[in-house]
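Chain IDs A, B, C and D follow the sequence of writing; residue 1 opens each chain.
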Amino acid sequence: MQIDVRLHEGPLPATPCWSVDGAGAVMRFEGVVRPMEQGRPLAALAYEQYPPMTERELHRLAEEVATAHGLLAIRVVHSHGRVPVGAVSFQLDVASQHRAVGLAAMDEFINRLKREVPLWKLPVFAGKRGADEKTP
Amino acid sequence: MQIDVRLHEGPLPATPCWSVDGAGAVMRFEGVVRPMEQGRPLAALAYEQYPPMTERELHRLAEEVATAHGLLAIRVVHSHGRVPVGAVSFQLDVASQHRAVGLAAMDEFINRLKREVPLWKLPVFAGKRGADEKTP
Amino acid sequence: MPTQVTVKLFGPQAKLAGQEAVALTLDAAAPTCRDVRAALAEAQPALTASLPGSRLAVNHEYADDDQRVSADDEVALIGMIGGG
Amino acid sequence: MPTQVTVKLFGPQAKLAGQEAVALTLDAAAPTCRDVRAALAEAQPALTASLPGSRLAVNHEYADDDQRVSADDEVALIGMIGGG
């Protein structure tokens, strides 16, 4: 079982999908920063991590999900720092022998990510350069 | 709503994931030809279509799923003809504002694809060059 | 007057039948898809097991059992499919 | 003897509190995470609403309410998270 977890500063670059030996289903999920938040136009999201706990919890989650669903491989990359609107802040790749387990694993990973991994986002609203980015 | 449906002869080439305006979630599913079928080593799968019904039903399904789930965009490419083991025969890209609808749409599309779209696969077993590829 | 209908076969069903089309002669002047299924099972016993899970298409559209077919229609058996 | 504990804050909770850490003085010699929560709510009323949905981490591991903390431990409030 391949497990690869990484935090990356800023927006995630485009990367090719993998090929994994023996996989019948390979899937990717990308989270993109949306242009509005609470009805207001956004410039970016600022992601804050708590090293090294964030990466450790990401890894623990990846391992648990991969084991529970019998995945062949899982790869997780999440941004920290500022990610502008329209850019990718989160990328999850899953490879499995069959489709159903892969989709279920992807769903579970994302649900648990939002509850279990110490990672915060603060909105940076448009027209207020950096104003909301730091605590006062 | 963007809908893009295509049949492609042979294995699908690697293509970059898209960016779609306003999307918060972009996901891709790839179906890969697995090395074994019914316990026997496989050389390839031979996909047979029924033109123009196959592409028309693929398009109808894409449209129904995109409408039902309120997707921003859906793109479907499926191989016909021979696709060797390890190569991609099916690629589904979905873009949505939120994650949950995108994952549900992907799941529904693949389930219905396997029941509703006239597309057949015949195993081409290893070591019997082309033997199972054609009806006698 | 009997009606001549040819049913196209694909994939595993073409393999089972050993041919890519079955020519049927149906007694009715305006037979239904139900009649086509029955005649197909009789002409190609190898297909019988897969017929309940199969659909007929008439002129590239899925058809239900009551739909009538004529000799001019293109009829196809859509069964044992499985893309992806 | 009272125990000094500093609780790190992040993201929206740091914003609500207007600071990135809260220094607490707890009466017990070996206070529990439950004691830390109570003291935190008192010291930073702005955090009260978000505390039930938050967890404490002690030395980078999630801790339950009965776990004891000492002045040497690194304590963090993990709440209002949401990656992806």
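Criterion: a contact is a pair of C-beta atoms (placed from the backbone, for glycine too) under 8 Å apart; a residue touches a chain by one contact, two chains touch by 3 or more.
This structure is a prediction, so every number in the text was calculated from the model and none was measured.
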With chain centres set to the mean of the C-alpha atoms, which chain is at the far end from chain A? C
What whole-number Å value describes the gap between the mean CA coordinates of chain A and chain C? 50
Rounded to the nearest Å, the gap separating the Cα centres of chain A and chain B is 25
Could you work out how far the Cα centre of chain B sits from that of chain C, in whole Å? 26
Using the touch rule from the top of the page, what residues of chain D touch 2 or more other chains? 84
Which parts of chain A, given as residue numbers and ranges, touch two or more other chains? 31, 99, 110
Contact pairs between chains, per stated definition: A-B, A-D, B-C
Interface with chain C, chain B side, in the complex: residues 31, 47-48, 50, 52-53, 56, 78, 89-90, 110, 113-115, 117-122, 135-136
Please output the residues of chain A touching chain B within their complex, sorted ascending. 14, 16-17, 19, 21-35, 86, 88, 97, 99, 103, 106-107, 110
Taking the touch rule as given, give the residues of chain C at its contact with chain B in the complex, in rising order. 8, 10-12, 14-15, 18-20, 57, 60-61, 76, 78, 80-84
